[in-house]
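Chain nomenclature is as follows: A, B, C and D, assigned in order of appearance, with residue numbering initiated at 1 for each chain independently.
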Amino acid sequence: MNTTDQEIVLSAQGLVKRFGGITATGNVSLSLCKGARHALIGPNGAGKTTLINLLTGVLQPTEGSIFLNGQDITRLPPHQRVHRGMVRTFQINQLFDTLTPLQTLALTLSQHYRHGMRWWKALGNNHRINERCEELLEQFHLAEVMNQQTRHLAYGKRRLLEIAIALACEPRVLLLDEPVAGVPAGEREELLATVTALPEEVSVLLIEHDMDLVFNFAKCMTVLVNGTVLTEGDPDAIAKNEQVKAVYLGTEAAHG
Amino acid sequence: MESASLSLQAHSRWKHLETVFWLFALLSPWLLAKHALIINEIVIVALFALSLDLILGYTGIVSLGHAAFFGFGAYSAALFAIHVMPDPLLGLLFGAGISLLLGALCSVLILRGSDLTRLMVTLAVALILKELSNKLSWLTGGTDGLQGVMMGPVLGKFDFDIRGITAAWYSLAVTFLLFLLIRRLVHSPFGATLTAIRDNRLRAMAIGIPVSTRIAVIYSISAAIAGAAGALLAQTSSFASPDVFAFDRSADILLILVIGGTGWLYGGIIGAIVFKLLQDVISSITPEYWTFWIGAFLIALVIVGRERFLYPWKWFAKR
Amino acid sequence: MKTCNILRLAALTSSLIFSAGAIAADSFKIGLILPMTGQQASTGRQEEAAARLYMAQHGDTVAGRKIELIVKDDTTVPDMTKRLAQELIVNDKVNVIAGFGITPSAMATAPLATQSKTPMVVTAAATSSITEASPYVVRTSFTLAQASVSVANWAGKNKISKVITLVSDYGPGKDAEKYFSQTFTANGGQIVESLRVPLMNPDFAPFLQKVRDAKPDALFVFVPSGSGASLMKQFIERGMDKAGIKLIATGDVTDDDQLNGMGDGALGVVTGHHYSAAHPSKMNKDFVKAFEKANNGMRPNFMAVAAYDGMHVIYEALKATKGEGDGDALVTAMKGMKFESPRGPISIDPDTRDIVQNIYMRKVEKQHGQLYNIEFDVLKDVKDPGKTK
Amino acid sequence: MLTILFDGIAYGMLLFVLAVGLSVTMGLMNFINLAHGAFAMTGGYVTVLLMQRMDVPFLLCLPAAFISTAVLGVIFERTLYRHMYHRSHLDQVLFSIGLTFMSVASMTYAMSSSQQIIQLPEWLKGRTEIGEGTWVLGMGHYRIFLIVICALLAWGLQAILTHSRFGSRLRASVDDQRVAAGLGINVNGIFMITFAAGSGLAGLGGALGIEVLGLDPSFPLKYLIYFLIVVAVGGTSSITGPLFAALLLGIADVAGKYYIPQMGAFIVYTLMIVILLWRPHGLFERKGGK
């Protein structure tokens, strides 16, 4: 892991999270440098989503600290981490069901441009926001459904919107929680394309079970097992790692 | 592709029929002079329901104690008239302002917990205030109510008359202005973030919306508007009694809003018109048993469906 | 689309309102505003029944004018009472407003009576100050001061020296507490403690236990009729009578409407009030009989008699003014009016427009297998003590 | 002192029986039934009618009240409530409040608006005192009876929910209706029985409560707040939660009125706010519960 020559954007040190007596995350340290393409893999229940929740502030760590651009953000509430450039997507769609994709993006953008408290101007009154909305809708193939209520959208479209929302926040660090999970084969290509086309300067932490995507995408990988880091390294090293194989084969065997 | 700006602003643009409705409403004390009193009451209830719609319909915060702010506004305005000055507009501002502060204080209580928790906490606040208004009789007149409220003329010109015409104009004008503000607000970026909070708090946080602050802000605004409605009641009836905090009032306003439908501004207004007129008409026919028919109406409304009930011509369309 | 619907609705409703407006002219209208639903509903039903009975017995034409009674339900909400009164006065052009179940309702409406010069006959609410709220208020019910002072006087003469008072925490209750305590201590008695229970109180147990632990000679109670029964039951259940504590009360507690259901435990309870269904006069016997006949066996209580007399006052005032409906003339005619009511001889005080009546001391006894408040002592022509400032 | 505690427990137990049905429909079936009090009132009036008009002994009236309201519950469940399970909570509120309004007006029409009073059998009327001085314990026999009956009920309900086949099926149906149906559980039937039992318990509570709370047509609205407090404070995931909450409420209410009577109504509400701020999902929250 030779990251010292690059600027570290996000780093977590010694994160521990306990629920009652159960340790969900045990002493995890992780760092992302600028423009990173980092994958977080591990069997089900390894604590990947918990880790994301800790990083984004949905959960408070029992121990350890988190730094974003060198500043300690361990105690910051979730929305302030977003303001500082760390944005996530969700494994299970978390969308605004009664709003349209257009409204969703417009409101996300207005919040992002600090217009969230403006109550005297109508939504859609701002040129910059409208244009950016149109760009994003194009980019994520949502233009033709932009005026449909989100809850009526096809699953793949909702998945796309999930990522579009995150990108609307212009993240410097993007945490993608299983972006292609559950997407039917037909709608998959669109999604994969958008993930690989993410802007270069954005540091991405990807959680994914789809190993094709992971190995195509990631330049660095962390393997999480039972809430702790098993190993970390570049894809080749991970692919050859016996321990990792054992874990995956072991769990595979257990499933099979 | 249709332009984003057009689509986004489609909702906030005034529709013709909306304009006609408000024209009719504003002229109603003149057109229906005989019924100015009930118009006044309906308008006040509608404004109160509108304030609840802001938190329930747009932000998803349930409350069974919104009368807390209504009553607080009523007492504040009445006391202002007695001890400071009888000018209605200043009293109204005072009532709304005081309720705003109370709303800000109470917003701490409703941030956590489930819907049931919020229902009960808001309810408890209203009931505690009711008990206070009963106990602090040196200030509030206790159970007998606050007497001797003498209101000055509106804008120094229009005296409140016994037929209730001035009262109806006054309430209508205030309600219309507040409606304009509310309408602006819900169609703004701020309003959109509220809807976002209602639909999905987790995601709202994840796009950088400070959820707790937003809820506190809108709760305070809603409280101020409820307070304004209460102030209108106290001013137009020159009276306030602990009853303004009653559980029934909070529950009725919830019913009224839900009758008309939440989250589209006109729900509370339609609910107020329907509920109050039904109550007035039925209870003048059968003073003892009118609740039976109101109950039957509510059940029918739910079973048949609000849309089809209030707009029967849609019934056929849907089949 | 939706606005269009609103419009249609508005048009529909306005046409509804207009059609309801047409009422025959030149009749003499009485607007009776009472709580007909909710917890005070029994007041409304007793009063409406009595008013209708009076009209049935005395005809609906007085001095050439047809009497029309309009009953409204105010759901015990004062601003509603006021709005209804205002509509009755402005739209229905009623000549008299009557009823008023609770004090705040009466208080909220009183300024309206003054403003419109409409006589306002209070037939229920019992706080002293109501008649002072407007020169157009005339009361035919009673004031709690009247009843409480009488009970206090009686207690002082009957070897009761230590008393705890227990009243509902609202206007009338505070009146009862104040006037009882004043009179009782002036007569040398001692008030050990003054308890106030919330009006909406489900359980009297803790208050009664407190009384029991303090062991006074007697417990003076005022609670609005309706709560009286459960208080009585708990009083007995707690063994207060066996602990040597007497229950003395205003007549609200042994309300005729419910007395029969209270059971034998109520026997011997002493109360002071202005009306008992067992009042031994011919007029009362006829009244009770007719009332029970017309209302499915419901026994009239003090609310009923107040409405009955209220109607009488209005009828007589209309006769005296020869059918003129003028408000001032009516009130003038009502002042000083003196007549025999089912409760006994009563009059309207010409100065205060409040009722002057006998207060009877009664004891619950069994007659013909039913419980009644049997009168055993009387204080004649009691004026409202609350007015003698 | 002890007497106050005793009275508080009796009062709390009564509230428990009245509210537990609501807690079950709300917690387990996720249905907001504000008409719960109407069922309680019905049970009360059944008792009154049986005792006043037909001289049925009090003890027989109690099961009669339970059964008749349970049957009524089934009828309403089959005809009306069933269609409401999947509606929004606000619609459920509207619907059940409508039902309450109708029940109040109908009962006024049928039974008049007066307070109803019943005569308890002699053996329940007495009072026993133990001890001396500050530690004296005075127990009304009826209150002893209340405590015993309600404690048995609470224990029975808990046993049924946790140990019986019905209990496990109910819990399965609640956790996931589709899965439960797939396992061959008759979800509809389970819900019907649960609803009937909840209504029946309310009816029984109404019958038991006549003596303490009184009975008139405004009963369903007058005590609704208390039922809701019990459910909110107790949480909706168990039987012990509402039981504990009801006892707490009963004791706090009685003791508060005894020791600081001038604070009257404040105590209960303040206590509730404090508890709910401390434990927003009630005292006994089940992890991941609704």
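As a working rule, contacts are C-beta pairs under 8 Å (C-beta built on N, C-alpha and C of every residue); 3 or more make two chains touch, one makes a residue touch a chain.
It should be emphasised that the depicted structure is a prediction, and the values quoted were computed from it without experimental measurement.
Note on connectivity: the fewest chain-to-chain touch steps from chain B to chain D number 1. Averaging Cα atoms per chain gives one point for each, and the point farthest from that of chain C is the centre of A. When each chain is reduced to the mean of its CA atoms, the one lying nearest the mean of all protein CA atoms is B. The distance from the centre of chain A to the centre of chain D, each centre being the mean of the chain's C-alpha atoms, comes to 48 Å. Chain A and chain C have Cα centroids separated by 72 Å. Centres computed as Cα averages put chain B at a distance of 35 Å from chain C. Each chain gets a centre from the mean of its Cα atoms; for chain A and chain B, those two points are 42 Å apart.
Residue positions of chain B with contacts to 2 or more other chains are 131, 248, 288, 290-291.
Among the residues of chain C, those in touch with two or more other chains are 37, 41, 44-45, 169, 198.
Contact of a single residue of chain D with at least two other chains is seen at positions 104-105, 108, 262, 264-265.
According to the touch criterion at the top of this document, the contacting chain pairs are A-B, B-C, B-D, C-D. Against chain B, the residues of chain D that register as touching in their complex are 26, 80, 83-84, 87, 89-91, 93-95, 97-106, 108-109, 221, 225, 228-229, 231-233, 236, 262, 264-266, 269-270, 272-273, 276-277, 280-282.
Within the complex, the chain B residues that touch chain C are 15-18, 20-21, 24-25, 31-32, 34-35, 37-38, 40-41, 131, 134, 142-145, 147, 162-164, 233, 237-239, 241, 243-244, 246, 248, 264, 266, 269-270, 273-274, 277, 281, 283-284, 287-288, 290-291, 310-311. Across the complex, chain B is touched by residues 1-7, 9-10, 13-14, 16-17, 20-21, 34, 36-37, 41, 44-45, 48, 71-73, 75-79, 82-83, 86-87, 89-91, 103-104, 107-108, 111-112, 115-116, 127, 129, 133, 169-171, 174, 198-199 of chain C. Across the complex, chain A is touched by residues 1-9, 12, 184-185, 187-193, 195-196, 198-200, 202-203, 205-211, 214, 217 of chain B. Across the interface of their complex, chain C is touched by residues 3-4, 7, 11, 104-105, 108, 112-119, 125, 127, 138, 140, 142, 211-214, 216-218, 222-223, 226, 253-258, 261-262, 264-265 of chain D.
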